[in-house]
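Here the structure comes first, spelled out in structure tokens, and everything after it is commentary.
The first chain written gets the first letter, and so on, giving A, B, C and D; residue counts start at 1 in each chain.
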Amino acid sequence: MKDKKMIFEKPQKVLFRHCDPAGIIFYPRYFEMVNDLVEAFFAEALDWPFEELLRTGGVPTAEIRLRFAAPSRHGDRLTLMLEVTRLGRASMVLNFRASADTTGELRIEGASVLVHVDATGKPTAWPTPIRTRISTEMDKIS
Amino acid sequence: MKDKKMIFEKPQKVLFRHCDPAGIIFYPRYFEMVNDLVEAFFAEALDWPFEELLRTGGVPTAEIRLRFAAPSRHGDRLTLMLEVTRLGRASMVLNFRASADTTGELRIEGASVLVHVDATGKPTAWPTPIRTRISTEMDKIS
Amino acid sequence: MKDKKMIFEKPQKVLFRHCDPAGIIFYPRYFEMVNDLVEAFFAEALDWPFEELLRTGGVPTAEIRLRFAAPSRHGDRLTLMLEVTRLGRASMVLNFRASADTTGELRIEGASVLVHVDATGKPTAWPTPIRTRISTEMDKIS
Amino acid sequence: MKDKKMIFEKPQKVLFRHCDPAGIIFYPRYFEMVNDLVEAFFAEALDWPFEELLRTGGVPTAEIRLRFAAPSRHGDRLTLMLEVTRLGRASMVLNFRASADTTGELRIEGASVLVHVDATGKPTAWPTPIRTRISTEMDKIS
């Protein structure tokens, strides 16, 4: 059996705003990109946009790591990829990759752990429709 | 023998700019704080400010991870701590911690790997004065 | 004769990353949005992307102002609009507006002055193809 | 009679994080600096820190403009200055300046309008102790 995964992708052009005096992405901007990617995943793949989700709870990031495999320059066109690699009762492990569109070169890879919390900040089981949607997608791919 | 370390600390008040709609630090802002801390470490502890260092090379972050142990709220006073835990020929491993000043509660812990590169981006040995300064500090503590 | 203008628009959803503890856009993020809009205008409307333009010069912002007519909340869908309202020898006046898609409510309006500079930072006439393209568009609308 | 003003100053080193591929401050970062300056003014000069003020209302910026008189480079040491130039019933006009410490060269000048609002977002008179403190300072200088 192969790994079960749910995959989500977005294009991202490297903008002036992302770059540092060396002309490459300043790494905290990658974490902003990854946060935008997770927000788009919840809105577009799970139909559960953050602006709705935040009314009753949240999905704080418990930990995150990124490895910067090669520099990305202003104007580069990247594809950002997110995979759900593990779905816990109230948590989710996400893997991230970004590659350059022209060469396929890997630019970043990493992972994070998200936790679903209620309005008081207590870890809370994922709603059934969300769990079902992710599980179904993960089964499709396996 | 205890671990050999070189330690550097800075206070950081949690500002409006750092916080998200949940009223806590938005995690990409922690990476900006950590980057400021590394920049202050090079300027103040190593006497090798980034604006000087960048004329002949750089110290890109190869990888970084942070774990968000507890949320930090607007107005909290934190102490950010950096330790050099390993000094390679052209690399350096840094550990990070942030704690709340009033309670001592741990807010983040993590680590990064920095690489010293020349103007072409090739890994290059740390300059002798920098290596000596860090080694001396690490020996003092051990 | 009506005002001569060249108009450029982009949709922008208000993301988690843009918002402050009050749940509305933190105003420095509006300036990032406006900068992205200008970058997209040069790339898409003028076929002169910043990553190319920056090889021989730049278009620094000499001054900018924004008025925040009404708050924008997380999840709001905005349309950002840029108009070239004056084209000087080496400068350009841009007007900005953002409105909510659902209600049409004005959220921001403002203006900036850009200056075209060469590699030494000296103001330099716009290249002829750029001047022609903008003038043609401005004439069409008038 | 001279202008009545209340003045507040802070030093600010230009950090790596503030700079763009041209090696100078990316202008949205100036707006972040100015916001930090206003936050420090409320905390240190008015003894009314934002984290306290936000429990019962807010001080949204209604409009802001900055003129970038000369570029600021990574490593430059600036002094940021804020002046209260007008105190309305529920509003305040602030002027801003930043100058280079070594040369005194003006880098930015501008102004903003802040409005004091209650928890519902409605403009509300400044609390008496705040009004008194600002008025007293303004009289001292005039």
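Points to keep in mind about this one:
Quick note on the criterion: a contact is a pair of C-beta atoms (placed from the backbone, for glycine too) under 8 Å apart; a residue touches a chain by one contact, two chains touch by 3 or more.
This is a predicted model, so every value here is computed, not measured.
If you compare C-D with A-D, the chain pair joined by more contacting C-beta pairs is C-D. Chain centres were defined as the mean of their Cα atoms; on that basis the chain farthest from chain B turns out to be C.
Averaged C-alpha coordinates give centres for chain A and chain C that are 29 Å from one another.
Chain centres here are Cα averages; for chain C and chain D they lie 25 Å apart.
The centroid of the Cα atoms in chain A and the matching centroid in chain D are 36 Å apart. Residue positions 16-17, 21-22, 26, 28, 32, 35, 54, 74 of chain B each touch two or more of the other chains.
Residues 15-17, 32, 35-36, 39, 49-52, 54, 73-75 of chain D are the ones touching chain B in the complex.
By the touch rule above, chain B contacts chain A in their complex via residues 21-22, 24, 26-29, 31-32, 35, 54, 58, 60-68, 71, 121. For chain D in complex with chain A, the residues that touch the partner chain are 16-17, 19-23, 26, 28, 74.
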